[in-house]
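Reviewing the structure listed below.
Going in written order, the chains are labelled A, B and C, and every chain counts its residues from 1.
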Amino acid sequence: MTKKIRLVTALLATGLFAQAHAADKFIIVQSTTSTQNSGLFDHLLPAFKAETGIEVRVVAVGTGQALKNAQNCDGDVVLVHAKAAEEKFVADGYGVKRIDVMYNDFVVVGPGNDPAGVAGSKDVVKSFKAIADKEALFASRGDDSGTHKKEQQLWKAANVDVKAASGKWYRETGSGMGATLNTGVGMGAYVLADRASWIAFGNKGNFKIAVEGDPTLFNQYGVIAVNPAKCPNVKTDLGNTFVNWLVSPKGQATIAAYKKNGDSLFFPNAPK
Amino acid sequence: MLKMNSDLALLAPSKPFSEHLPIQFDGVHLSFGKHHIFSNLTLEIGAQGITAIMGPNGAGKSLILRLLAGLLMPEQGSVRFNTLSRVPRDQIGFVFQRPVLLRRSVQDNLLHALAIAGVERGQRPFRADALLELGGMQHLAKSPARKLSGGEQQRLTLLRALAAKPGLLILDEPSASLDPQATALIENIVLRASQCGVKVIVVTHDQGQAARLSDEVMFVHKGRVHAIQATHEFLKTPASREAKAYLAGELLI
Amino acid sequence: MQDFSLAFVQAFTLIGQADPTLIDIIALSLQVTFTAVSIACLLGFPIGAALAIGRFPGRMLLVVFLNSLMGLPPVVVGLVIYLFLSAAGPLGFLQLLYTPTAMVIAQVVLVTPIVAALARQVIEDLYGEYDEMLRAMNASRIQTICTLIVDARYSLLTSALAGLGRALAEVGAVIIVGGNIANVTRVMTTTIALETSKGELALALGLGIILIVLSILINAGLFLLKNSAQKRAYA
């Protein structure tokens, strides 16, 4: 009986080992959950593979974790949307160069009955002030992500001290976009989300977009190749192929072509 | 004659146990907590053949067996086997009062004992079969050992004890709870083992069994050896007062 | 509430369609889990047995420590193994991060204490019964351990099933060391987590139902196996 078990284990283990190392041409891209959840990769990566034969393995985590993983050399390319953090990443020598890829925007979503009376507004800072004044529930990601950093900027511009209100009307979930949206919808709280995540989100309940169109809500995505000087084992050639493809006319067109329910989620803006 | 030869092949110890005789207890102390069982216990078992140990309950008979088998160590004093200052554990087979068998088939229990004894893998099935034949249990080979009757289980533990060809066979009231038929089967095997040169020490309450099996009787009472005599002598004219009372069926308080 | 009925519909649709992605995910879940549990048993049974029969100073401390390891938080284990397997870590050269092998390692770390602690208890009980008999047979330590493991096989199977349950249901460790990469390291539990974060609650629930049914089927199968074997040998 033990012999049989040992044999089966050995077979399983070798099977697993073989499976993982089967695709020789692959790179690991550290990206964010919101980008993943929008469905962009499911649309983009097969096109890339068809053209180059390179498999892209996406590890989707929070922005902070993505950058940290890349610092640890656990990725070949980084694709996030937190410009300041990305520039620091390159400045510290972990990335080769930061290139604009695409943008979308943030929106404020809220319950159908709009307790703060901000629906339809095009001024996000004013809306935030209104939410704070009325002490309407607001669910924040609270996880130092790009979205969260943007949110912090807006509160600052509105002169609201959210730290003091934490736990009262300001709820910090400390989690990703999807989880925060779930929580927000569950408790009827406003949430600042990137448009792509919201459009792709499946649990909207009675929520609608309350505030949009404010230029301050611009959300820029950047791509960075991990620096081989700091990470000798990084797949530089394959990684650069991906980066170059993303900013190439072909890649940019593929990004633009991604729609959900007829809406575009990302707008390519790589430098020509 | 043929039977004797096959018995010898199966049961005769590789080295005669006589070279480990006499067995001597010298100044043995044993206690459990505050309870002193043995203080300065001294005894000697010198003869080949079958030695019976008799005495009232609580006298320490089972403990003597365990000291003999090396299952207990004396706190003071020594248990010597002639020139050996330690118990030759690998040459001893033990049959407990209540059978403890593995949760496997009868045959597997014997195969297990043979494996532990270091018998070569190819030899084991043959030895197991021969032992089963000795015990008249071939038809039970594949039965779960624990589903056997009390008598069959005890017989199996006796066969198991003999599997390693021990020089010394120790039995602790082996047929205490068995019917006469089962008892007879056990005694038959013990006698055959003795005839093949195995030294036997058996604790028994049954005077009849002592008479049927043993050459000498050692009478133990309250942690001391009161007498050691040839069996027929002991049963007719026991050397100690307590032994006489015991044999007469009195309770020794 | 409508999510629940929707979930059942989703579950049956997925099964009925025999969606190939789902089949791959289920296959990977089973591969990772069974491999991990098998290794955990190979390690855990002897460790539990050795601890059961051992008599040395500090033994009780070790037993308590092993029992507490049953409660290792999966996400912490995942994090620690990530740090070891990361390119920046001591074992980075093995390039095991973001592979199913890493997931197996994480689950082995989580499941072995469970199997070992339960095995220890089971074998300790049996040892009480067999101790004197084995000593009378002059069995060595290793022989004693082997005897006990074989004789306790049915109770040990239950320990293995406890480990299996833990592994099948676990998400915190495998998501960190595996990366939840599509077609590579995505298993049932990480898929459920992903779909939940996308707000696809009915789908996530549906997958959850499939996972539970899977677990029931595995347990039922092993139960029947055990019963038929038990009739033959046990008492």
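Quick note on the criterion: a contact is a pair of C-beta atoms (placed from the backbone, for glycine too) under 8 Å apart; a residue touches a chain by one contact, two chains touch by 3 or more.
What you see is a predicted model; the values in this text were computed from it and never measured.
Chemist: Based on mean C-alpha positions, I'd like to know which chain lies farthest from chain A.
Modeler: B
Chemist: Closest chain to the overall C-alpha centroid, by per-chain C-alpha centroid: which is it?
Modeler: If we average C-alpha coordinates per chain, C lands closest to the whole-structure average.
Chemist: For this structure, which two chains share the highest number of contact pairs?
Modeler: Pair with the most C-beta pairs in contact: A-C.
Chemist: Distance between chain B and chain C based on Cα centroids, please, to the nearest Å.
Modeler: It comes to 47 Å between the two C-alpha centres.
Chemist: Taking each chain's centre as its mean C-alpha position, how far apart are chain A and chain C in Å?
Modeler: 32
Chemist: Could you grab the centroid distance between chain A and chain B? Build each centroid from C-alpha atoms only and quote it in angstrom.
Modeler: Using C-alpha averages as centres, the distance is 79 Å.
Chemist: Which positions of chain C touch chain B when the two form their complex?
Modeler: Answer in residue numbers: 129-130, 132-133, 135-139, 143, 147, 150-151, 232-235.
Chemist: Which residues of chain B touch chain C once you look at their complex with the stated criterion?
Modeler: Touching chain C: residues 69, 71, 89-90, 92-94, 96, 100, 102-105, 108, 112-113, 115-117, 144-147, 164 of chain B.
Chemist: Which stretch or stretches of chain A touch chain C in the complex?
Modeler: 1, 5-6, 8-9, 12-13, 15-17, 19-21, 28, 33, 36-37, 41-42, 57-60, 69, 71-74, 176-179, 181-182, 185, 200-204, 231, 233
Chemist: Could you pull out which chain C residues touch chain A in their complex?
Modeler: 31-32, 34-35, 38-39, 41-42, 86-89, 92, 95, 97-101, 104, 153, 179-182, 184-185, 194, 196-201, 203
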